[in-house]
Amino acid sequence: MPFPVPLTGVVPPLCTPLTPDREVDVPSLLRLVDHLVAGGVHGLFVLGTTSEAAFLTDRQRRLVVETTVAHVGGQLPVLAGAIDMTTPRVLDQVASVTGAGADAVVVISPFYTRTHPAEIARHYRLVAAASPVPVLAYDLPAAVHTKLPADVVVELAADGVLAGLKDSSGDLAGFREVVAGTRARPGFSVLTGSELIVDAALALGAHGAVPGLGNVDPHGYVRLDRLCRTGEAELARAEQERLCALFGIVRAGDPARMGAGSAAIGAFKAALHLQGVIACPATAEPQVPLSPQEVERVQELLIEAGLL
Amino acid sequence: MPFPVPLTGVVPPLCTPLTPDREVDVPSLLRLVDHLVAGGVHGLFVLGTTSEAAFLTDRQRRLVVETTVAHVGGQLPVLAGAIDMTTPRVLDQVASVTGAGADAVVVISPFYTRTHPAEIARHYRLVAAASPVPVLAYDLPAAVHTKLPADVVVELAADGVLAGLKDSSGDLAGFREVVAGTRARPGFSVLTGSELIVDAALALGAHGAVPGLGNVDPHGYVRLDRLCRTGEAELARAEQERLCALFGIVRAGDPARMGAGSAAIGAFKAALHLQGVIACPATAEPQVPLSPQEVERVQELLIEAGLL
Amino acid sequence: MPFPVPLTGVVPPLCTPLTPDREVDVPSLLRLVDHLVAGGVHGLFVLGTTSEAAFLTDRQRRLVVETTVAHVGGQLPVLAGAIDMTTPRVLDQVASVTGAGADAVVVISPFYTRTHPAEIARHYRLVAAASPVPVLAYDLPAAVHTKLPADVVVELAADGVLAGLKDSSGDLAGFREVVAGTRARPGFSVLTGSELIVDAALALGAHGAVPGLGNVDPHGYVRLDRLCRTGEAELARAEQERLCALFGIVRAGDPARMGAGSAAIGAFKAALHLQGVIACPATAEPQVPLSPQEVERVQELLIEAGLL
Amino acid sequence: MPFPVPLTGVVPPLCTPLTPDREVDVPSLLRLVDHLVAGGVHGLFVLGTTSEAAFLTDRQRRLVVETTVAHVGGQLPVLAGAIDMTTPRVLDQVASVTGAGADAVVVISPFYTRTHPAEIARHYRLVAAASPVPVLAYDLPAAVHTKLPADVVVELAADGVLAGLKDSSGDLAGFREVVAGTRARPGFSVLTGSELIVDAALALGAHGAVPGLGNVDPHGYVRLDRLCRTGEAELARAEQERLCALFGIVRAGDPARMGAGSAAIGAFKAALHLQGVIACPATAEPQVPLSPQEVERVQELLIEAGLL
């Protein structure tokens, strides 16, 4: 489908359901897509960080995109991450996911290598020049260990290089700078990946949100988005706070035993499993699985949030 | 060839010569291999960080390994990096580079994802279980933003999971802990990637060095290695200090204009180009090239070091 | 005066005017206090980071508190930073600033030493036990290099240890966690130090703001605070965006020549000097002063903001 | 006494013994000084990081210097830390510790504030201009969160501003750069604070060491220093490795319960207490004390090292 200009609303980054032997669980992926579509979301983002893109092989990545695109059938835009270290490898990923049908690609700054704003800007220009679909920048300092500077984004937006930004930096002041700096380009989408402050991001002018927790409660985020757009600030705040409490599931996993990624993705998948959406809560290697007690804590929070 | 147990001596991480349009320059790669073999090195490491592995496509990576292995013809062990974000993707890289003939693989801790020592250990166990050749761990916190803990390495060495360590952390105290902790396993190789303190690393028990600057002056590092082994401490120190001065080439590139990676790899390639080893000093996208003035500074330092 | 429970509104962290030979410029300090009081602010915070507390000697610190307290004469609460590395030294600072008349103290987590949440909590408990006035916690990871965990703040609030939080972490999600977690304690004040997202902080339940830029435009922040409280979201956003543009003054100083602290404090003082509030824009040693061209840039932005 | 030019040998950073109610325990401090002098050390460093200078009040700091200087009576040089955030506050500390008799001051880069190499250089120039005794720079990025750049040190040495460097950065390559860069100034002392690689530091040209563990085993470090100077490399390495094993005491404290500072200083003081040197192992607030089981682990390692 033609990519919306601008893209607005709730665009969850899909978890990638896996079988117990860590293959993509296609039936579960289809059920997850249905779950999100039924929840009223406005787009789907596959192969993001929440999707365990960093753990999926190239073959698995293609399968995820093909499966999702075919199932959605153009009802919603499908964005795909093209996560790799530098320009030449990202270009291969772009070719692969657009070949598989993605409507837009989401591209992160160079990582592993020590980089520089001039190199980041060049990276996006080269990727955009070669991409057959719109390119959104992805700011995730927790993964790449550089902040995507607001002025670089604004410049690339002004030059028509980027179609949007997915900002998971947690830096709302920098986010606001991009919002203000790109207001003159109405097609440019500024999306927040900070699922705990979606109300604040929309209030200051964001176009939408890419909440990992949206896998677990798509209705909640769609409701929040609607309340923000209709100006019902008090109700929006209450809905956001309910979602913040639900987000406590990512703290179920013991940080003495596992990394923060294992805990977060493990919790999302445990929740989807408890909700009956996916068949198996397995996360990719070498992540550490939640213990039964930790899953129980996830269950408690789902019940408190009215989801079980 | 069978992988030496332990691997000792100088094992430079080969630069990957590129053509002006950023394809692997095979004739230059062959000349670089010859240059290093003639310099007396004890092994070759391809697809490391200095090799711009983070910038090479999978196709280019395979070509580099195949070319090098075929040309070396078993005279020297060829180690290959299997640089990717997590276990499943690393396993694909391991299959690719060992299919292309690598004698050992060099594997880094998970990156992009937020990890944990337990996950790092599991990562190496899974990779080693699947690898047809010995696995060396690669500690490079500047790239992956976690330090590979010494106790994890020691445990994996004791369990026969790892065949060695390439330590580019700059943390000599942690390095020493690995040296002392693995002394009971005589086949385990502890190699330093810190080209400025090779004498110190060998003095405290390292088996060898993986110096990026060894591309530019393999004779120098081979001489240094020999002086250290024969206990000529004063001469070794003088040789090391000469190499430290030469290393100043990595500061030729202006940090206001480029990242530290661009400056370092750009300098190594400029030097190899000035020495007539490679045909073109191009670095991969989106790195920033050295200016003519910066190349001149590289030239001056080569002259001071007696290399031009 | 009795400390307000809770403290609400705009509480700017006062710059400390200095003479050309770096003594406290008392007449300028009095004019600055008058400027802020005339602007309608709700409290004064002296000896914060913006006050160059890290640069003032103990004698100068006392003089600042005494001067301010005497001049304000109980019209407004005067909060004073008790900035030092650890508990015993902070206790000396608390004694000094409360002896000089401060109505509350603002205390940061231990720094210089490598700390732990248990130590941070113990630090606040010991300080509060010894302080004759209410204690507010100060979260400024850019200075102390640890984040004050939200759960620690919530626990200390519940136990009556802390009277409030000044959060300059930039982490709005963590800030929200404190707001939600302390709602059951109506006397606890949650204040944001993030001058660029005051509207967002107030919208999610903050009691007030501690904006460094409030030195330069107290009327603007007071207006913003009022618009937020009366629910005029659009006007509030416009006012906040005007202040964000004005904040551009902190980028006047060239980062190649000076640290970010020199640039920020230098800009605030240059602005106050251009506005005729303080007699001399000098910052404390060893900070780098703005150049005449950089001051001109500050002037342009003041004019654009309607302040000159 | 006149400060040695250059200062060489072992200069331990003295722990500061405290009473159970956290006052300076003067009799224990005198016994500690005797213990170190009897161990053959070449100088004493008080009010360093290991001395808990960050936790001592100004009154306590003066008492430590006065007590030590009076007791040593000019037999050995006494260096004192002047630990504070910025130039004006450091100048007050310099006045205080030199008034109390220190033979040299050890000064760290600005901290708490966000700084810049130009500001660091200016800081040292101003401090040295005002100090009645020689100034050594102190590089401790773990505390101040900036690395003191080697080129800044070399420039300040060349200009006669600094009398030496105490490097606790762990970066041996940078340390070597200072050694090489200051060789032309024979009075300049380059001292390592990295107690685990003293042999390596001396081998590449360091003048001496400032080992925290030297409180616990001064004889060991003095022996190591002598073996290095007489070129007995194998024996030196064995002695250093014995000390590295002893250093395991700093891991006795559980990192889930306490910060790394609490664990390290707690272990040093527990060891001194077990050796009968100090009367009480208390550390300053808000540090977490070692548990009885953790103290037992310290005891085991002391026995293994032949110290009990």
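Order as written gives the chain letters A, B, C and D; numbering starts at 1 within each chain.
In the analysis below, a contact is a pair of C-beta atoms (placed from the backbone, for glycine too) under 8 Å apart; a residue touches a chain by one contact, two chains touch by 3 or more.
Values in this document were obtained by computation on a predicted structure and should not be read as measured data.
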item	value
Given chain A and chain C, the chains that contact each of them	none
Farthest-lying chain, centroid of Cα atoms versus that of chain A	D
Length of the line joining the C-alpha centres of chain B and chain C, rounded to whole Å	49
Centre-to-centre distance between chain B and chain A (centres being mean Cα positions), rounded to whole Å	35
Touching two or more other chains - residue numbers and ranges from chain C	none
Touching pairs among all chains present in the structure	A-B, A-C, B-D, C-D
Chain A residues within the chain B interface of the complex	22, 49, 54-58, 60, 83, 85-89, 91-92, 110-116, 118-120, 122-123, 126, 142-145, 257-262, 284-288
Parts of chain D lying in touch with chain B, wherever the complex brings them together	170-173, 176-177, 180, 194, 196-197, 199-200, 203-205, 231, 233, 237, 240-241, 244
